[in-house]
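Just below sit the structures, each encoded as structure tokens.
There are two complexes below, and they share chain A, which is joined by chain B in the first and by chain C in the second.
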Partner chain A sequence: MTVTTPNGFTLDNSGKRVVVDPVTRIEGHLRVEVNLDENNVIRNAVSTGTMWRGLEVILRGRDPRDAWAFTERICGVCTGTHALTSVRAVEDALGIDIPENANSIRNLMQLTLQAHDHLVHFYHLHALDWVDVVSALKADPKATSELAQSISPWPLSSPGYFRDIKARLTRFVESGQLGPFMNGYWGSPAYKLPPEANLMAVAHYLEALDFQKEIVKIHTVYGGKNPHPNWLVGGMPCTINVHDTGAVGAINMERLNLVSSIIDQTIAFIDQVYLPDLKAIASFYKDWTYGGGLSSQSVLSYGDIPEHANDDSDANLLLPRGAIINGDLNTIHPVDVRDPEQIQEFVDHSWFRYADESKGLHPWDGVTEPNFVLGPNAKGSKTYIEAIDENAKYSWIKAPRWRGHAMEVGPLARWVIGYAQGRPEFKEPVDKLLTDLGLPLTALFSTLGRTAARGLEASWAAHQMRHFQDKLVANIKAGDTATANTRKWEPRTWPRRARGVGTTEAPRGALGHWVSIERGKIDNYQAVVPTTWNGSPRDPQGNIGAYEAALLNTPLAKAEEPLEILRTLHSFDPCLACSTHVISPDGSPLTEIRVR
Partner chain B sequence: MPTSDTFYSQFRRAGISRRTFLHFCGVSAATLGLAPTMAGRIAHALETKPRTPVIWLHGLECTCCSESFIRSAHPLASDVVLSMISLDYDDLIMASAGHQAEAILDDIRTRYRGQYILAVEGNAPLGQDGMSCFIAGRPFHAQLKEMAADCAAVIAWGSCASWGCVQAARPNPTQATPIDEIVRDKPVIKVPGCPPIAEVMTGVLTYMLTFERLPELDRQGRPKMFYGQRIHDKCYRRPHFDAGQYVERFDDEGARKGYCLYKVGCKGPTTYNACSTVRWNDGVSFPIQSGHGCIGCSEKGFWDKGGFYQHVTDTHVFGVEANADRVGLAAVGGVGAAIGAHAAYSSYRRGKQSVDAQTTTSSPTAKHPHETTGN
Partner chain C sequence: MTPAAAPSNDRVLILGIGNLLWADEGFGVRCIETLGARHAFDDRVRLLDGGTQGIYLVNQLEGVGHLIIFDAIDYGLPPGTLKVVRDGDVPRFLGAKKMSLHQVGFQDVLAMADLLGALPPRLLLIGVQPERLEDYGGSLSPAVKAMIEPALLEALSYLAAQGIQPIAVGAEPPFDSAHPHPALALTAYEHGRPSPTIAWRHGDARVLAMIPAGCQSPGAR
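Coming up: the complex of A and B.
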């Protein structure tokens, strides 16, 4: 049957159904089903979130000062970003200002995450969609060295270096124990890189794995550990003491120097390894223009990285805030996360229950009650699903909409909005990359464009880390060493009722937490996260979400190998632990307890 | 014809010298808290064994354990994955997906029956027919039970697998259930923490490979080598606790001087973990060193033990070498009273000393009264 969705996509579910479950190299659990036509082109796509954790119901009745620690555990990959969103929401509710140093340190934490997460995503979650590890065994180390040296001044590029990497890889493969590379799609015609580019990428896969652990040490300095560093309502828990006794237990000169050194290394690695690799790999896939989905029509960003503390105006945010709809890049719509008409979540295709499922609810009024049922056309059983029925409820992810529109969020959304605003820090790197690759602007709206925007953003973030570290030092030099405001620390100083909202731009996109506080405890907590936007199922009008839209019309080289599906899904960097949530407004038990 | 390979031959073929290899063995011995003579045994073990298959499953979790694992500095995660184990299934990093991924589980289960390690990150929800977490269309607990049936041992990574962690906090809406309550006929080694320290994770794994035995566990199923002592016992701020010097509010004078965080909620006195000795991210810091109290993330049910900024009142603080088993037997009420009394006494002493200090600052020889009084 063929239908056209209100957001302009044609779906045909009559062809062969292919199921990918689990979708691997993502955070959490995701299932995708597609229908292929006779040419193995995707004509229908169904994205199903397959996990649900119920964190928000757990938050009810807790101390709002503790909420950051609970919500941080929503995701250990984008670690810290939920904690930051949470402390912002609580501070917004209680009217707490933070010191300028705390703002700089929080930005450093968030930018460290952006740089780290994007790097790990590119090499360890996404690269194997483009890089054929087995082909690297055929590479000539000398030619690989020439390739590497032609694109970057990165010093690890000698023929001997690549010879060693090739030898290590060869022995690994010959051992017969292929570990994580077992049953990969090696040799598929969908892989386009020459052996030398594959070997270079494998070398950098290993280098990036060793290097990523250095970047996060910035979290360890300011937050005590990574993953899951510590945060504080009212500022940051670390203190600054550069002059006096006790400096060992605080941010002192040695700690500042350590952070500074890591920032330099991070800038070098991203600019000399990540970006050149991205460009080199992209140059072999210029003809693979699929996966644009919603990116050319509807994108959303809440904005982030405030230059100054306690100023949430658009002009103070270094990452842009705004919405683009219907592909009109000339109009950036203002976004107000408090407006009940703007952000709403729908559940008629999700495993939750509303009183009236034709309507959406703003997060401050959010209701979630689980309701796991399969549609009449599902195949298999309730505990052994062979095929999903997408005309009924089919995902643990809700369907958020902005003024009724399905939106894409993430690095590409941020960069498209920044580009459309004409801001040079976004426009110039995009134009340069496109020019170097000989591609038009429309090429940005694709799987590859999403992957490229992430790389450009990693570089942007690394350089902004330098900015905020220097700003922190300058502020200390000017005599300001405060990191926390504790004037409203005690609950007796709080209003009896309060509600607030906090937003960030997580690595994967727009993230918001909405909190209501009553008599010093959390009364209601709602998170709408990036993967809820991108991995959204259909809404009552039939609009499809970003994953489903991006998969459409993509040809598969082999119907039985989901390489192209993985490629496009990975370009969003899915995070499923983040994407599902629950709250019951009346506090009634949500589940029937069964003991096995 | 593919053949199985040993650590040492992998090292040699990777161009790593025997000298470097032996140095690695020495560092591993030190990390594990073993005598230097054990380095020889580690070297011998790594030279002669094929890589052990590891199946790493993910249930309800946030993936912080995997993220922590790849932060390991000694050994490097890349060396663990390429040279020490054969990480045959881990849906976070594996190349294949869908049917090709699931086929690996059957393959390893058959080919390495009783020989592979089952590493589990996250736990299994039993609510909603187990379908709050499903993989390949089936509940996670079904996959877990099948793979556990033929494994050698289970490693329960992190607090999710060990205790239930955040999704099992009250009221546990998905009925998230820890691994040892589902897998009952295999040894389950709990490596709790949210997440565990990277080098503790790789330390436990290399210990098992090297000595071909399970680590010695405490009553709660945790390796004694890393979870035998409380954070408080080895905390570098412990002298401030003993001297009654406390942070009263975040970012106060005491905080800047690195005083004890007990009064702003530090759970170090009740938390068994290696944070204050191994520290985090290659030894850079740990929560207390960076100004926040320990939240007790490796302890069972730590989410439901009161707020993170409330004082702990239920521990035994004076016996530094007490272990978890013995504290579990201690009279909790009396201990709580003891720590409260100590805090009160020491803050009295501190107040007294600052009065004393004020009275002596007029003398030029007593410019730093806190140093002279041992503060």
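Coming up: the complex of A and C.
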């Protein structure tokens, strides 16, 4: 049957159904079903979040000052960004200002996460969708060296270096323990890189794995420890004493210099390795223009990285805030996360229950009551679904909408908004990349555009780290060492009832926590995470979500090797709040792909 | 910058992994919490609450001679059974089979460490068979909680064989990274839990059903 959705996509579910469950190399648990036409082109897409999670389940009745520590545990990747969102929500509810140094340090924590997460995502979760590891074994090290030296001044580029990498990779593959390379569709015709580009990318996969260890040391300095750095309602829990010489306790000049040196290395790695690789890989996939989905019509960003503390105006945010709808890039709509008419979550296609499911609820009024039922056309059983019925409830992800529109969030959304605003720090790098590749602006609205925006943002973030580090050091040298405001620390100073919202731009998109506090305890807590936006199911109007839209009209080289599906889903950097990871020695294969 | 660590063979990392928000999944982290509250060691030994950090734990394995891992593992044994796996069996155990939900799982961490030439030469996996997972926001089941002490004894006896004895500690726990935030410490976590009437506790029966028999999760059998 063919239908056209209100947001302009044509769906046809008559062709053969392909199920990918779970989607690999992501955080958490995601299932995707698509229908293919006779040419193996995706004509219908259904995204199902298969993990149930609700923050209010663990947070109600607890001390709001501790909420960040719980939210840091819901996910294995964006720990710090949940913690930051949480302390911002509580500070908003209680009217707590933070010192300027705390703002700089929080920005450094968040930008470090952006740079780190984007780098790790590109090389360790996404690159293998474009890079054929097995093909790299056929590369000529001398030609690889020439390729590497033609695109970047990065020093690790000699023929001997690539010969060593090739030997290491050969040993690894011959050992049969493929580890992270185990689930690849090696040899697929969808891979386009020559062996030398593949070997160069594998070398940088290893270098990035080694280098990312340095970046996260910044979290250890400012967060006290890593993993699970420390945060504080009212500021940051670190003391600054530039005259201190000991290794323990306060942040001294030695620690500040360590951070400074890591920032320099991060800028060098991203600008000399990540960006040249991105451009080199993209140059072989210029005709693979699929995956744009909602990015050219409806994108949303809450904005982040405040230049100054305690100023929530749009002009103070270095990452832009705004919404674009109906593909009108000339109009950036203002976004107010408190307005009950703007952000609403719907559940008529989600495994939850509302009193009236034709209406959405603002997160402050959010309800999380599970209702796991399958539609009449689902195949299989509740515990073994063979095919989902997307006309009924079909996901543990709610459907958030901005003024009724399904929205894409994430690096591409942020960069489209920044570009549309004409801000040079977004517009110039995009124009340069497109010009260098000989591509029009429309190429930005694609799977590769999403991947490119993430790379450009990693570079932007690394340079902003330098800005905030310099600002922090200058402020300290001017005599301001305050990092926390404890005036309203005691619950007796709080109003009897309060509610607040905290937002961030997490690496993978707009993140919001809405908290209600009553008599000093959490009364309700709702989080709308980036993957809720992007992984959203259909809503009562029939609008499809960002993953679903992005998968449509993509041809698969082979139906039984859905590399193209992974490519587009990975370009969003999905993160479905990992919850449990019990290891089974008697389990089934990691991913099941069924074609029928 | 910290100086590059010499590949010394007597450095020990004791790592607890898992998600303490999911009942018995928290076993590994609770082992580290208990061990760190009770003992100090000389500077050869480091304790780490690894949570569900996946790929980020690669960073922690550099220069480690002995890696001791506490974790909840589905061996298909009766709940609360402790099972110890060593050295070459550990990656095979973690890697060959399903690790259900954490896609960048610990077997990938070990493989990536191997690629970097940083795989610890000696591995000791101290796993417990979980009883209950379908209890979001819950704590360890009694059968699993009772295995913390035997698990710690396994680790201590391994350390003793390397000539490492613990030092008893007083009120001030020495290992910062060993401890979850005080609000997440076992007792506070259990006492602060909202009642089931205001907060639904159960997971997704369909996902949990993918956990094979042998792991008792109510409603999933």
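Observations on the structure shown:
Convention: the second predicted complex is superposed on the first by the 571 of 596 C-alpha atoms of A that agree within 3 Å, B and C clash if a C-alpha of one lies under 4 Å from a C-alpha of the other, contacts with A are read in each partner's own complex, and residues count from 1 in each chain.
The rule we apply is simple: contacts are C-beta pairs under 8 Å (C-beta built on N, C-alpha and C of every residue); 3 or more make two chains touch, one makes a residue touch a chain.
The structure displayed is predicted, hence computed values, not measured ones.
Annotation: superposed three-chain arrangement on chain A; chain B versus chain C shows a clash. When the two structures are aligned on the shared chain, A:334 is found in touch with neither chain B nor chain C. In the superposition on chain A, A:187 makes contact with neither chain B nor chain C. In the superposition on chain A, A:20 makes contact with chain B only, while chain C stays out of contact range.
Using the contact criterion defined above for the overlaid structures, shared-chain residue A:95 touches neither chain B nor chain C, since it reaches no partner.
After superposition on the shared chain, chain A has more residues touched by B, the comparison being chain B against chain C. When the two complexes are overlaid on their common chain A, residue A:375 makes contact with neither chain B nor chain C.
Of the two partner chains placed by the overlay, neither chain B nor chain C lies in contact with A:155. By the document's definition of touching, both partners, chain B and chain C, reach A:212.
In the overlay built on the shared chain, the residue A:239 is in contact with chain B alone; chain C does not reach it.
Within the superposed three-chain model, A:8 lies out of touch with both chain B and chain C [touch as defined at top].
Stretch 150-158 is the one of chain B that runs into chain C, the other listed stretches 150-158, 240-248 or 330-338 having no clashing C-alpha atoms.
Across the superposed pair, chain B and chain C both touch chain A at residues 22, 24-29, 50-54, 57-58, 62-63, 66, 69-70, 73-77, 79, 120, 124-125, 168, 172, 177-180, 206, 209-210, 212-213, 216, 224-228, 230, 258, 370, 372, 382-385, 396, 582, 589-590. Partner chain B is touched in their complex by these residues of chain A: 19-29, 31, 50-55, 57-58, 62-63, 65-66, 69-70, 73-77, 79, 120, 124-125, 128, 133, 164, 167-168, 171-172, 174-185, 206, 209-210, 212-213, 216-217, 219-230, 232, 234-241, 244-246, 248-250, 258, 370, 372, 380, 382-386, 396, 481-484, 486, 489, 560-562, 566, 577, 582, 589-596.
The part of chain A that touches chain C in the complex is made up of residues 22, 24-29, 50-54, 56-63, 66, 69-70, 72-77, 79, 120, 124-125, 168, 172, 177-180, 206, 209-210, 212-213, 216, 224-228, 230, 258, 261, 368-370, 372, 382-385, 396, 578-590. Per the touch definition, chain C reaches chain A in the complex via residues 1, 17-22, 25, 49-59, 62, 71-76, 91, 93-108, 110-112, 114-116, 127, 130, 133, 136-137, 176-177, 180-181, 183-184, 192-194, 198-207, 209-212, 214-215, 220. Only residues 2-5, 9-10, 13-15, 50-51, 53, 58, 60-68, 70-73, 76-78, 81-82, 85-88, 90-104, 125-139, 142, 165-167, 169-176, 194-195, 198, 237, 249-252, 255-259, 275, 280-282, 284-292, 295, 297, 303, 307-309, 370-371 of chain B touch chain A when the two sit together in their complex.
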